[in-house]
């Protein structure tokens, strides 16, 4: 039985880890860390787990926690994990960090986009970017996994095979994405009140959202060259879900623009054996309702012959594949378990 | 492995049975009956099950189905199950009917409230009302189970112990209930369009909703006398969930009005050992979000000393405990399985 | 041109006053008071008024304001208005208070339910309860109007004629009500975040909501005797709207229980000439969508002959008739204008 | 008083015309045409207008209607207006067609995208494309106005000045748009049921939505060359609102890429005097909530210096500026009234 500690357990992502691990046959949570609710029952904040989880919330004493747990999930604001990690702790416990602290390899990029000083740049190199379907092998032996962001997981996976195979022009990639409100976290802010979000749609972080360099870095590895993209997130009134609609110009290969068959082959090459990626049929496009509550990534595409562009579309549940689910998937890989253990959840509809 | 047939598989309740049974270790669906979508893949209607269920929809040939299946769930409009059932079929297969055909013991009451002729009144007596927590023993040996309605499951369970123990005056019971929209089914009606339901709340079926006699009949058994109640359902803009708020005057027992301790004891007496009923702490009231996607019934109460009434409140997921989940629970009981098999689902929040 | 000051202008009710007065031909806002946003443009908080209102937010200097304005709306938390009002101010300006400070005539009831000391009990007697359709004449000459609560406006108006005419037993009245989320205000609280409210329905304030004594007091005047009622509010996921479903036992009059004709006559007697009260046709019930954005109160009813009760139902927009609209209606009455001036708004659907 | 006939009065757009004209000082509706609800009271379908509109629905006898009305709004499916219009009718009455029948100047493009034969191609040339802010002068003298689509109104107005001024490369324009559900109409379809739409976001009509050629044609006039674009609509769970996010590469002018000042100047040049277009401040982006219920178009933009693209964003209420409001605006222009008459509505929030 893997002993798990969660720091930030009463945020939406932390609580989602708790939900998933409750049904996980090989892991048990021994520490629900939540500075805001110390000594409160976890279930007093998450009534869905009433009678199921009896534990009380604890502080985020990483040192003590590292002695009790085999793995720690840090579902906390940027900067916290970097400020707590050290060799002593890493010698005793594995860490899966759901914040952005170890996602970007260039510390100056991190500091520029996040506007905070990085407290543990010495671990950036070691940290493995935990996008399971791409970096599975590296995750296996990692001590420190940087769990990808929600927008980034969806945006990268949707475009990756076409970039890797050279079917699209990397310089033309535009990612337009929609997110449900849980992505904004459980902090008490006017902007996230029901009446502020309901019956409205809005763009935000235009040309400066922090997931931009993360998408760019990972896709640059696939492209074999540095990529700069446009990424525009939008908030729409729903609890869960990310939908990415991505545009890129097709490039000529073997004398012709890539056609639907080429595109499909590329997706199948990389994802054909992936349990959690569902390549949709022709002319079927992803909808967030079909992945709700699950670890699936649904991907579809359409070629527009009039403009020579391909429209790639992906959908995930931001709290599962975009956060807690992928974190558990990484844990499974790190501990040699079946990668899908505890994650074989049928999406909930309606 | 129990072989299951579903008639009405592409309605919300039918599809929820499919979702639940997909993860059930001892049952498999062999027949997805859906007259509207014969030969279409089931997953073309329910994209959440894409790549998980490959089967196509079939017709509702009950005779053939009774030879292939061990149990049939009929998730169909009123009248269909009664028109298809016969001795021949019941000799081969068990039936769990999610319609109202066999819920009411008095056929004249059925015909008055449903305004249709009952086609198989001879099976009404045999049919067991499948409210598991109350009728578990009778369900065990049943061939034909009448699966309770969504409002009724919630309304009955919320008031049952207090009536059974004589703590409230049955003549004063008023049930005011709210429902999510999936309770209205997947039929294409203007009244259930997104824009008609969203941003609105409304009462309907005032003083004549069909679940009224069902609640009355079952609670009358508990009261030991005939009860007549007010039941007012309301539609509110959410996908899932039933919330029942019930009012009744407390009666004197042993020289005093029942107090909170008496009330709690009554609930614990009947539900203390029930896995799927969660009696909430004092001054905590049920919220539908805490049961979403699960088979739980959350129950809370409050005594108003000023008026001498108790307010009882219950919440369920209408598609799970209010339909498909309870149907599977009944199946588990009928086949001697662990009653909670396939139903140990943590509610999904947010 | 009536000069208006708003204290609490950036709350939902305050901003709704601003919206309504923008189109009012005889009033103009000269002071947008908002302690939280002093010196910010009002439209930076309420983008719907961008380019329409150019003013900046000011503090809540009641003394200065009373010299600039003819009437002040206080759309502020309980206690503030009572702490600021004095004879000096009232000699210069009329006050319409949207808080509960002057709604209850018995200061001990106020202090018990609101759990704060009343700072200006000397004005309670003078204050007029501004339920326009009932107290129109008293409002005309008032200096200080206590604008009714949202739940109370809807609950009282729905039952008033039947109680006044003695058609129902006051001791049996139960009010079960639903509210949209804007009723909870614009404060940054976890409980009102989008993801906490969406896809859920919940009761709250069970047996102790502060609108209870307000409903009781006003209906007691109508009944000619002290009434004690049950009032249970519920939060449902929508921006605006209050729906009250009320139950009471019919009483015999002239040898028979009141029938539908008696009930309708009673409503027509009191509301037949009321512009903002719409008595619905038989078997039609109010829905909050039909009053959204408007000052209307829609009322319907149904007699249940089986139980001898009448179910009365009313719907309002909580921010209009339940707050800002009624406040403007009171202003119109106080200043001798056409009562519906600036309020002839067609409800917005969908 | 202008006498108005509405054909298709019980659809969402038709009913929105009714709502707007109810408060219009110089127009009155004399004919509520609705084939589906002949002889039903209009208010039985639109309870918001109960007690306000007493009329019953009539058929769509265009000939008779042309004798009673000064102007006819056809808010009907594609093909109907074209099948009814003729010289006789046009000699008596003006027509504002909310369908696509007369929007595209090239009949073959119409027939290709709409897949129906055009029944009155002889009127295509005469018809004026009623995008008021662009074609005001032509509208003044028109007999037949083709009222623009909802997506197109928003998409065109958001990009128009930058294309007209040559600040962006027309070949790079990508329009990614979100719509509320009322845009799908009031037809009873499973896809538009509450539970199908709620808690989900989806793209649709990818690379083949019918508004594409309409956007292309109008922007081509501005560009002075033929444009081909990508347009991807998405359905998001809200009643009203269109949000368009548009991407294009900046082009060099006078030796440098257009900067924010150039962009703003271009917008101000064309929209500086427009009452219904609100150019937002720097770093403020449109949100559909700020225009709900109103005729406003809110526009914002952001330059991404890293990619050399500008992101243009626009928001409208699809039923007002995207349909009924613009139709009334066209009527005002056609009849020489103040263009904003009856349309000075403050957006409703929350």
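General remarks:
Each chain gets a letter, A, B, C and D, in the order it is written, and its residues are counted from 1.
Note that a residue touches a chain if its C-beta (ideal position, glycine included) is under 8 Å from a C-beta of that chain, and two chains touch if they have at least 3 such contacts.
Predicted, not measured: the structure shown is a model, and the values here were computed from it.
Matching CA atoms, the turn from subunit B to subunit D amounts to 180°, rounded to the nearest 5.
Chain centres computed from CA atoms place D at the largest separation from subunit B. Remark: subunit B and subunit D have CA centroids separated by 46 Å (rounded to whole angstrom). If you average the Cα atoms of subunit C and of subunit D, the two centres end up 37 Å apart. The distance from the centre of subunit B to the centre of subunit C, each centre being the mean of the chain's C-alpha atoms, comes to 38 Å.
For subunit B, residues touching at least two other chains, in rising order: 12, 182, 195-196, 198-199, 237-240, 287, 289, 292, 350. If you draw each protein chain as a dot and join the dots that touch, every dot ends up joined to every other dot. By the touch criterion given at the top, residues 174, 176, 178, 180, 195-196, 198-204, 206-207, 228-230, 232, 234, 236-241, 243, 245, 247, 285-289, 292, 302-304, 306-307, 309, 311, 313, 350 of subunit C touch subunit B in their complex.
Contacts from subunit B toward subunit A in the complex involve residues 12, 15, 19, 22-23, 46-52, 182, 199, 239-240, 278, 280, 284, 287, 289-294, 298, 344, 346-350.
Chain contact summary for the complex, subunit D toward subunit B: residues 12, 181-182, 186, 188-190, 192-199, 237-239.
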